[in-house]
Amino acid sequence: MTSFIIKRLASAVLTILVVSALTFSLAFLAGDPAIAIAGKDSSAADIARVREYYGFDRPVVIQYGEWLAKALTGDFGRSFHYQQSVADMLASRLPITFGLGVAAIIFALAIAVPLGVAAAAKPGGLIDRFALGLSVLGQAMPTFWLALLLVVLFGLTLRWLPISGNATWQHFVMPTIALGTFALPALLRITRAGTLDALRSDYVRTARAKGLGAGKVLFRHALRNVMIPLVSISAVQLGALLAGSIVIEQIFALQGIGALSYDATLRADLPVVQAITLIVAVFYVLLTLVADIVNAILDPRIRESW
Amino acid sequence: MFRISSLIAGASLLALTATSAFADKNDDTLRIGWGGDGVMINADNYLGGTRTGIWFTKMVWDTLIERDNATGEYKGSLATAWQWVDDKTLELKLREGVSFHNGAEFGADDVVFTYNTMSAENSGARFRAIVDWIDHVEKVDAMTVRIHTKEPFPQALEFLSGPMPIYPHKYYAQVGSVGMSNKPVGTGPYKVVEMKPGEQYTLVRNDDYDWGSPKSKAKITNVIIREIPDAQTQVAELMSGGIDVTADMSPDLVTRLAGVPGLEAKMSETLRIFIIGLDAAKRANNPAVNDVRVRQALNYAIDRDGIVKNLMAGAARTLSTPCHPLQFGCSEEAAVKYPYDPEKAKALLAEAGFADGLDLTMYAEAPAKEAEAIMGNLAAVGVRVSLNRVPYEAYRDAQISGKAPAFLFNWGSYSLADASASISFFFKGGEDDFAQDKDVIEWLKTGDSVTDPAKRKEVYASAIGRITKEAYWIPLFSGVRGYAWDADLDFTPYADEIPRFYEYSWK
Amino acid sequence: MAKPVQSNTGSGLLRRLASNAPVLISGSILLALVVIAVAAPLLAPYDPYAQDLSRRLLPPIGYAGHDPAHFLGTDGFGRDYLSRLIYGTRISLLIGFSVVLIAGFIGTTIGLLAGYFGGKVDQVLMFVINTRLAMPVFLAAMAVVVVFGASLTATVLTLGFFLWDRFAVVIRSTTQQVAAQDFVLAARSAGFSNTRILTREILPNVLSSVVVIATLEMGSAILLEAALSFLGFGVQEPTPSWGLMLSQAREQLFFDAWLIYLPGLALLSLVLAVNIFGDGLRDLLGARDRT
Amino acid sequence: MNDTVLSIQCLSVALPEGADRRLAVDDVSLDLRKGETVCIVGESGSGKSITAFSVVGLLSPQLVPVAGKVLFGGNDLLKAPAAEMRRIRGARIAMIFQEPMTALNPVLRCGQQIMEMFEAHGLHTHRARRARAIELLTEVGLPDPAKAFSAFPHELSGGQRQRVMIAMALALEPDVIIADEPTTALDVTTQAQILSLLKRLRENHGTAILFITHDFGVVAEIADRVAVMHRGKVVESGPTVDVLNDPQEAYTRDLLAAVPALTPPAPAGKPDAEIVLSGLNLNKTYRGRSFFNRRDVPALTDVSFDLYRGETLGIVGESGSGKSTLGRCLMRLADLDAGEIIVDGKDLHALSERAFQPMRKTMQMVFQDPFASLNPQRTVGRIIADGPIVHGKAESLALAQAEELLSFVGLDPSSMNRYPREFSGGQRQRIGIARALALEPKIIIADEPVSALDVSVQAQVLKLLRGLKVRLSLSMIFITHDLRVAAQICDRVAVMQRGRIIEMGPTAEIFSNPKSEYTRALLAAIPGQGLGAKQAFESELPA
């Protein structure tokens, strides 16, 4: 298992390198960092001075190499824009985004798993239709629109929840619902489909032929097999949430990496963009790796194939 | 869909009331929501250079001189007296008995350190222009300094009363800009309790602020400032009592919020001017805008009054000058006027050979809401604008690299009430001058270096006359800032776009 | 002589489609929206770009102050909201179709090659897919749009070049399944070229998956365009994109909420129709593959 | 009779709307007595499994019993409440399924799955359950019961898995075991072992067994009584000996006549001396692809043989013997590691893909799975004509030829524009044969061409193949696991085991006088030795 993980990590590192090189060139093309650093209302001469001072006039490849060399030593540099250490900025912002992502996934799972199983238990039944409706609706719901509606409903009409910021857990309720709704349909579908497959499978028939009660058939035999795809999808969704919380953080004034990445992209704040890209890529890779390991624990056949 | 309809019902209900700030009044805490222009990136605003940074600076630090908002008169703040020793030397007497929040005594060393540090090449100061005029500062004695300028600099007093706060020299030397930003120390009416950069700042009244500053001692004990980038989130917070005041409201919102019981809202004109720059210097190599008749036609085509009346709630003024008329030397009489006259515009275009219309690429710095209205006006005279509304950086890139024959932008003159902060920046040659008019350059050089106010007025008037006659720009209108606040708060907006949060009190 | 045991069921798919209520309803809505998009100039009461600053923010029918001349009111520039919504259908559908066309082409090609050739080719292409998945779409999309300017074309290209991953992943595994079937072996043993096997033998068998993913991805493409436009990285003004309309009206949320509800509902119902249709299609096509 | 433990009386089960008939099971009556094995035998779709599942109430929801009774211990199981059924299932009526791989939960250990039997019925402590499970695993003849106890299903062989299933079924000493095709997925030698295990257990425990199968050989081995089902009805039933030896119904007679006899027919004419293909020292190893499991599996080791003009060479062996790999390597669908394949004096293995391409015409393949081997998205005509078109034939000519070929293999030429899904399994296999013939090959490699077919259809397809071979003087390599089929169709037979040919010779000789131990064991394992008829393959060829 260790050497499997090592091999996976090696390919992961390569993936991350390519991703970071791509975003570096992209972000570099995206805007002249010199203009960004010089700031609004700066003169053309200011900009030219900054460009030369930071060496932005040199080939991108060299600049990427420099960045990479430093990044490898753990030095992500300073934000052009905020003048703060990128590592410090991320350290203060990551917990917000990560917490939000995890909360959203838990929210989605808490609805998706029971509902998906109940739906599969009686395909075509009332619960199944409701689940299908919910997943279709969730999939079609523009996240930012939902967020705005939530603000109107819970923030202003009912005044149950605080609207913006991250002071208390209540502040995370609306963003969690908005973001969780985005992740819900995929999880609900996979749970339903997986449970349906499992319930139709020969081994569930065997379990029923043993005289096992419906509960045990479901929890011991079916669910365990449903968990395997569910874990993979959850990992992918969590990765997507980390990268996709930009709009939500913007609306709820959460100072996470989503809001930061929006800001940094706008301002061609290369060190920040790079670090965030790197982190999102690393998260994606780690999450899929963790999902694989969890699945190997769940499914002996996967262990075997390693 | 039942949810939707209940939401609609809810939304119309909530238009009626706003939660009062009773609680805030009780704990004497002013909650400010800002961030519509982007977050305050660095409380050390020499390096940060944001609008909210200026507001924050006003609360936490002081400048040598303070300009009276009502009279425009310069009053001594950290300096008590000043005089020009010669063309390029300004001597200032400093105030005794002022101390910083950390207990350090204020003195000449602080002034010398702050200005010499910031005006140094590569100091990191975001806007060189603010400090670039200083050659060096010299300590005469413990309470006297001399500022030596590079060239004769008549606007010096305006600059010193602007965004040039004085920092405690030992502290700054020790912690640097980042340290200063994370734990600001000044002399101002508020002291910093906690900074969560980009998120929330907590301030408390400086009870020792009684050394005779022209700024008043703070009236409200606590201030909590939250960065909220989205206007609609600010509105929601305002109505639910999460914040007491915001300054990022659009004219439409101000109109609506003014009707909400428990809230007050008001538009206030700013020094900011909105402009369409035209590439008369052939950088974008667009023959159309190189033709003065086309430029004049474009000037005639825009219904400034209509836009100001309908989109800006009438709170802005229409512009004929390449500077704000409130700025010193910005003479409206000198400007050639282009009243709204689509027929004349069409005729001029036809004369220039564009009878069948004209395709024009325009870059604008997002969000630039007014762009659409302008495009509508231009379309009416046959100018088909393809708009590239992009973030500031991309806009600036396109403009500098000559990709933009027309560029819609706004200019805040660093809040300096002097025409040079606008005209000289854009028409004195150099890369940002898209006219490169030799005469104008000469006039501005004179105006920026002579100290005689009458002479300055005269040359700026000549420049304004030429710039408008040649229609290098399309001056549009002045900016407005929309404020909304809890009715329990006694709040007054100021024309220089700087709310004095220390002056406000509960009713 | 033996006759076939079943009658020809060529029209069966259509019949099944027609007998499936959700598909029928969503299909009709979709068809209606396509008609609206195509016939927008005939249906829209006004030019969607025509401004009248003196008649701004008129409310829609049912609200106090409604002007009968503008059924759904006017926006902040006095443009007829109904007309803009109608033209917005065009933008959303155009984005949906073209993005899916580009992404579908890229993803299907990658999926086919990886699934059919396996081995090294598969490893390399899987690496490409993984790299794409590890790229934060939003971040990259924002950067791309900033580089090439925000325009309809840029948005379509960006989304097209980023949304191919699901095609690639699904088509790869479908291709693996199809390629493992004996008829592909039969084709190889008859000496068919790889190109012919891929295009004539495998592609038709994965096409139903492609169509199903395409409908679902079309939904996400439309939503992503709206989100990008909402953030200001999408379609440019004054193009009547629903996402852009939402973005412009967001600060009016509490006062002129209909400015937010209407484009949001339009967006929701379009994507809902597309997704339900896709789901139904998947069930039907899947059912045929099983029998 | 009072020792009847299970009595199915006039059972009818309805099919969902739109099926080919109204009732899956139509008025079926059947008794099972204590200690007795009753076989329900029938072809696919006869309703035999549905009958069995109705007994324990495990029918899929679309299938509803509409009439009749299932009496067990005095109760009608069709009317028993769910809780009651749960108490009966496993404890008093246990089941064994066809696919031991999928019937066991892949993520649970085998022992745990056996212990669940006790748990489900609230018996024993955990410790006792474990001890009983190991006892059971010992009783069903697993060599290392403790290891099997903690093994996951995929770690065991098919036969071992089926033993685990049997152990599970036995756990609570049920009155009845229902076995649904329990040996169909197994190799013939394993099948023999499982059958004898079942026989032994029945004797030891006195359990009654309801045994579902399609294979008359198995019936002959295990059944006391047999019921033959056809299209939902029992067409004939009675003691096994009577039904097999003296079938009363025409349907039963036809079925039995379609079972190929183990005795090969007399060789038809002299073998031709011309060699059309020879394999020399063919070697192939499957490399372990996974990261940890780098075990290399040798699939072919030094395989050499000659194929003579006009003969059918049978390659027989159990699963994993390498017989299918051999076929694929000959077709170059898999790459050989070493060896020569000589056709027309050329070593095919050494040719480049480009040089080999035209040679593909000489050898064509007929595949096992009639569903997977035809592209569902292409018309039958195109499927047959595509090959010749690729090899340069004009499209109109190729299509005309395809039409001829269709009649040649016994299909209506109007089938040209239809899709494969419109045809039955046997018809599809005919299409597959027509496709192979379209390239006018000299050699046909048939890889288990009839093993997916029902026995009556199998006979027809074999007849067709044989006829074609003679008419077109083809040489054929016939790969099969079914020795009965091999006996009837092959001129010579090569027996493969673990990648080697261990014995090769004329069919009659191998069957009457096998040299190797393995071949003897293989032949001995075939159930119902005396059963079956010599097949008159020569008749009925289209002109």
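Letters A, B, C and D mark the chains in the order given here, with residues in each chain numbered from 1 onward.
Keep in mind that, in the parts below, contacts are C-beta pairs under 8 Å (C-beta built on N, C-alpha and C of every residue); 3 or more make two chains touch, one makes a residue touch a chain.
For reference, the UniProt names are A, C = ABC transporter permease; B = ABC transporter substrate-binding protein; D = ABC transporter ATP-binding protein.
From a predicted model like this one, the values you see are computed outputs, not experimental measurements.
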Worksheet item: Higher C-beta contact count, A-B or A-D?
Response: A-B
Worksheet item: From the centre of chain D, which chain's CA centre is farthest?
Response: B
Response to the item:
So, in whole Å, the Cα centroid of chain A (ABC transporter permease) is separated from that of chain B by 38
Practice prompt. Could you please state the distance in Å, as a whole number, between where the Cα atoms of chain A (ABC transporter permease) are centred and where those of chain D are centred?
Written response: 48
Response to the item:
Expressed in whole Å, how far the mean CA point of chain A (ABC transporter permease) lies from that of chain C (ABC transporter permease) is 22
Worksheet, complete the sentence: Between the Cα centroids of chain C (ABC transporter permease) and chain D the separation in whole angstrom comes to 46
Discussion item. Going by the contact rule already set, what residues in chain C (ABC transporter permease) reach two or more other chains?
Written reply: 146, 250, 253-254, 257
Worksheet entry | Sequence positions of chain A (ABC transporter permease) contacting 2 or more other chains | 30-31, 148-149, 151-152, 156, 250, 266
Response to the item:
Where chain D touches two or more other chains at once, the residues are none
Fill in: Interface residues, chain A (ABC transporter permease) side, partner chain C (ABC transporter permease) - complex
11, 14-16, 18-19, 22-23, 26-27, 29-31, 132, 136-137, 139-145, 148-149, 151-152, 156, 236, 239, 243-244, 246-247, 250, 261-262, 265-266, 273, 276-277, 280-281, 284-285
Discussion item. Residue numbers of chain A (ABC transporter permease) touching chain D in their complex, please.
Written reply: 3-4, 7, 200-203, 205-213, 216, 220-221, 224-225, 298-301, 304-306
Fill in: chain B residues within the chain A (ABC transporter permease) interface of the complex
3, 6-7, 10-11, 13-14, 19, 35, 38-39, 41-42, 47, 49, 122, 124, 126-129, 177-178, 181, 196-200, 226-230, 232-233, 236-237, 239-240, 242, 391-394, 396-397, 400, 411-412, 414, 425, 430-432
Worksheet item: Where on chain D is chain C (ABC transporter permease) touching in the complex?
Response: 328, 331-333, 357-358, 360-361, 363-365, 367-369, 372-378, 383, 386-387, 390-391, 407, 410-412, 415, 418, 421-424, 426-427, 430, 432, 435, 439
Worksheet, complete the sentence: Within their complex, chain D touches chain A (ABC transporter permease) through residues 56, 58, 60, 86-91, 94-95, 97, 99, 102-108, 113, 116-117, 119-121, 152, 154-155, 165, 168, 290-293
